Amino acid sequence: MSTRNSSGAGGVVQVQGEVIATRRVGAYHHLTIVAPGVAELARPGQFAALAVGGPTTGNLLRRSFSIHKVSPSGTYGGTLDLVIAAKGAGTEWLTQLRAHDAVDVVAPLGRPFPLPTEPVPCVLVGGGYGSAPLFWLAEVLRERGCSVEMVLGAASEDRLFGVVEARRAADGVTVTTDDGSAGQRGWVSDVLPDVFRRTGAPVAYACGPMGMLQSVTRVAAEFGAVAQVAVEESMACGIGICMTCVMPVRNKDGVTSMVRSCVEGSVFRGDRIRWEAFHDGVCGVPEDAVGAPRVGGH
Amino acid sequence: MSTRNSSGAGGVVQVQGEVIATRRVGAYHHLTIVAPGVAELARPGQFAALAVGGPTTGNLLRRSFSIHKVSPSGTYGGTLDLVIAAKGAGTEWLTQLRAHDAVDVVAPLGRPFPLPTEPVPCVLVGGGYGSAPLFWLAEVLRERGCSVEMVLGAASEDRLFGVVEARRAADGVTVTTDDGSAGQRGWVSDVLPDVFRRTGAPVAYACGPMGMLQSVTRVAAEFGAVAQVAVEESMACGIGICMTCVMPVRNKDGVTSMVRSCVEGSVFRGDRIRWEAFHDGVCGVPEDAVGAPRVGGH
Amino acid sequence: MAVDMAVTFTGRTLPNPLMTASGCAANGRELHRFFDVSKLGAFVTKTVMMDPRSGRGTPRMAETSSGMLNSIGLQGPGIHAFVAKDLPWLKSVGARVLVSIAGNTAGEFADVARVLADSDAFDCVVGVEVNISCPNVANRGLVFACDPLASGKVIALVREQLPRDVPIFAKLTPDVTDIVSIADAAVKSGATGLTMINTLLGMVIDTDRLRPQLGGITGGLSGPSIRPVAVRALWQVTAAMRDGRFQTVPLIGVGGVRTGRDALELIAAGATGIQVGTSTFNDPTAPQRVLTELEALAESHGVARITELVGIAHDRMVIP
Amino acid sequence: MAVDMAVTFTGRTLPNPLMTASGCAANGRELHRFFDVSKLGAFVTKTVMMDPRSGRGTPRMAETSSGMLNSIGLQGPGIHAFVAKDLPWLKSVGARVLVSIAGNTAGEFADVARVLADSDAFDCVVGVEVNISCPNVANRGLVFACDPLASGKVIALVREQLPRDVPIFAKLTPDVTDIVSIADAAVKSGATGLTMINTLLGMVIDTDRLRPQLGGITGGLSGPSIRPVAVRALWQVTAAMRDGRFQTVPLIGVGGVRTGRDALELIAAGATGIQVGTSTFNDPTAPQRVLTELEALAESHGVARITELVGIAHDRMVIP
């Protein structure tokens, strides 16, 4: 198991990991991977980028996954847990790995969830496997004296992740499903106003589909809260060198640029994201963005 | 396990096989694959073409291997045995398969070794893993009353295959290695004259590197014997549709054409092959071949 | 609801869009051991020239990442043997045949077409594919499809030799600066359809021997690796026809199709027919399997006819 | 015996042939977390233009078989920010920098070159790569490298802005009928080297949504899938230079290099330098790893200097 340590700041390692456990959880696969060096550096909200397909593969690009949890030491050395939904070729391959199979891991990546400096109530919202990074976050928040209210939503019961764990990790849990197969029928945004009203939380953390993140941002704003959202853009490298994962985001001076979600995110303040530029799976460059195409295109 | 039966003549199946045993034998890997339907059709000298790399692979072309043996029924259904040397990406992948892994098999392919109609002495010559198909052939020959003399050669001891098996399968066995690590030091062609002289065999069967096949052909001719040689040309499909595996071969009227070694071979009469067209890994088109390039090229 | 898979080219209706690709299926007998070739929309034969040809020396192939390189050099029996043996066999099993032809000169193309048109089994021929784009010719200058004028001349001469109702497809190479201008020239000269794409000119070097791996030095690159180039070529030519830059003709898509999804990609870009080439080396039943997968996919998209999907991506663009 | 890996371009000696590829390594800081970028022969920066550019909307990528498609659209900070921030950083870590530049017009290329030449950190610049071949421009007509005249004009103007001893590499596209004529024009206009190849124009269609997958519709195809095209391009241009068709200049090979063996393939075809692009997305240490692997391979071939292997396949042909 080779570990190449980062030579500069930032704290990232590339390691040849070894799967030590893999189990189905509803529609997902929960993998535990021995990945020495990751646990010591990782913070909630960061992600890992995995190579897929093995030595003969035609799938070259890495796949990114939120870090569910890490454990610095154990019988096997430091481990990394991921929750993976089989979707295309790469996740299909990953979810079919067996114990002792090798997998190349680059982690931790991206900016973690910024933590409140005061012990305030926090709302954590997870959509589908988007809840994966929230339990660890909840633990860290509670260690700092924050109370934690969780809202988990999914299309159906099998696409919820961690409802049982949530009851332990949070002070209150609300569950929604689109089809009503578990918890309340509907979307997380249906129940969120109530949660903000009840807790008075000044901050919400969310991870899940873009539509959900946008509504969490909107509802949070209605209650004067800040939403910190972990976005999911298509990523080819995960480490900031390809420029495929960009999104239009305002900086604190109000200037919009196309920023790389893998290095400047994947956690952004929701109110900085130019949500109106996204529709139906594509995202345009807002006209006022730095270097936006002039008439005639570029 | 799906079996698509051939709809025409020729007797070939494409099956999703399952590896049930894999073991190292010297420098090689011996695989046993459940491949229903193959055993009933196969004859010694035929080969199997395997897809490699699994669902995400970038290695598209099939790899061909001589059939070592088949068994029509067993605990698991019909099986197929192959002896594989890890060389490039595909054989590397195949030799790392574990029990219960799936592998797509097309077999049997090619023309088998033609059998003598009389019970005559036969010389079987195997170079490296080229001996793999010879034990089954020996069995069939002896069933017909032929006596069998085997000559096995390789670069070194670990590259010999089946020396022990040979003692059981043949009436006499001679072993040579280039470095003298087992048997006699030297090439099979050094010992062959003696074997022909001793047995008076009118036919030799050979499988191994091209250089060896050529010398078997030459020595056989010196003793008035016919050599039936199983050649190894690079093959993209193994089933006769790509035209990559051609070699210049004379037909019985003496006319040379570039014929597909996967369907018209891989067993040829050695004296029909235009050996002089081969050198250093390339093979030209003899000027007198049907449709050979005219001056100016084509 | 089953999807109607029939497609029509210049008045000829085929039961479905799936075809073999020239040179990737020999002339039928070999694949017929794995599936009934008459079930395909059409069977495309190995390019045939006037005289028998030995093709090139070996090695003739190199595997590449998600593809392969070949330098077969148009090995074949010559048109007379082809019409005497191969075509009658294809007819006997009920195949609809798209015959691929070539020549060293424009005149030879015409001669081959004439022999074909005069042959007994010609009634099983649903079209002629004119291979003006084979990269495996000794002189790269002989790739007619690199030049609009040369392309046009070949097509015009072949057109004269064939009955008016026989579709002619010009097979194009993507190795040109502007494929639309070649397409334009071929259509203006009488091509009633276009096949895109032939292989890309490529090369592999044997790093042990430090010399070209193929006997023919360069070869044609094919397989899934080149699919994005095929999709792009189909898209550009379809866009040009939709813009009215030249007469709209049906396109046959070829290049890297391995699954029904791949076929749908080419169809959505503008292809009416689909050929499966290199993938057949991986899976001998590929052309038939792709048909099954394509039908299921088309059904999942809720269309009644596969033709509703031809070029559909041009109508679905999102301008953000 | 260690192999001497040094290579020389127009008088500048680099410790080894390995480089990042423009647009596949950002401007250094990100990769420096994984390995010391000053250990590479040169670091090639993301193509920079005069003004800041947002690049295109998303999706900007699609994975393809053994490769990918991108339509970044030359996002960048503009040359002024580049020389103020990125170049000094690269200099500070000791990197030798090959700066990739582009312009919307030939004049803009020259302007960018002038700002670069006038900048404080210019002494870490070992050459300028002139990207006349980016396919991600709104108008395909703007790909200068599709036309010998346009290519020549850009190179000549850039040449005027740079000190004589600064090497200029023209980066070419393989999407042309005759790459040798473009190479010829670039060299005659003052390019002291050529970089081959940029991406191939390609396209992927999303078969669920039945529309182009990229926001920019078409994109550039890269990765191991295109390596045979890169090898072929290097081979053709090297052969033309050996034939004396135009002055011999050093070539930088790029396209699908993932391993030391791949690098050796490009070198044997004629490349003196090697860039690693897309494979870096798979393995962040790829450029460095390829160097190590290449060195070991060169050693196994028993050469004393890596330069002995440049173009060697041209001398090793077997004519059967």
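Note that the chains are named A, B, C and D in the order they appear, and that numbering of residues resets to 1 at the start of each chain.
Keep in mind that, in the parts below, contacts are C-beta pairs under 8 Å (C-beta built on N, C-alpha and C of every residue); 3 or more make two chains touch, one makes a residue touch a chain.
It should be emphasised that the depicted structure is a prediction, and the values quoted were computed from it without experimental measurement.
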| item | value |
| --- | --- |
| Distance in touch steps, counted as few as possible, from chain A out to chain B | 1 |
| Between A-C and A-D, the pair joined by more C-beta contacts | A-D |
| Chain whose mean Cα position lies farthest from chain D | B |
| Rounded Å distance, chain B centre to chain C centre (Cα mean) | 35 |
| Centroid distance [mean C-alpha coordinates] between chain D and chain B, Å | 46 |
| Where chain B touches two or more other chains, by residue | 58-59, 277, 281-285 |
| Two or more partner chains touched - positions in chain D | 57, 65-67, 209, 215, 223-225, 318, 320 |
| Chain-level touch network, classified as line, ring, star, complete or other | complete |
| For the chain A and chain C complex, residues of the former touching the latter | 58, 277, 279-285 |
| Residue ranges of chain C touching chain D (in the complex, touch as defined) | 57, 62, 64-67, 69, 146, 175-177, 200-205, 207, 209-212, 215, 217-218, 221, 223-229, 231-232, 235, 256, 261, 264-265, 268-269, 297, 301, 309, 312-313, 316-318, 320 |
| Complex interface listing, chain D residues touching chain A | 23-26, 29-36, 46, 51-61, 63, 65-68, 70, 72-76, 78, 104, 137-139, 209, 215, 223-225, 278-285 |
| Interfacial residue positions of chain D with respect to chain B in the complex | 65-66, 224, 318, 320 |
| In the complex with chain B, residue positions of chain A that touch it | 52-59, 89-90, 92-93 |
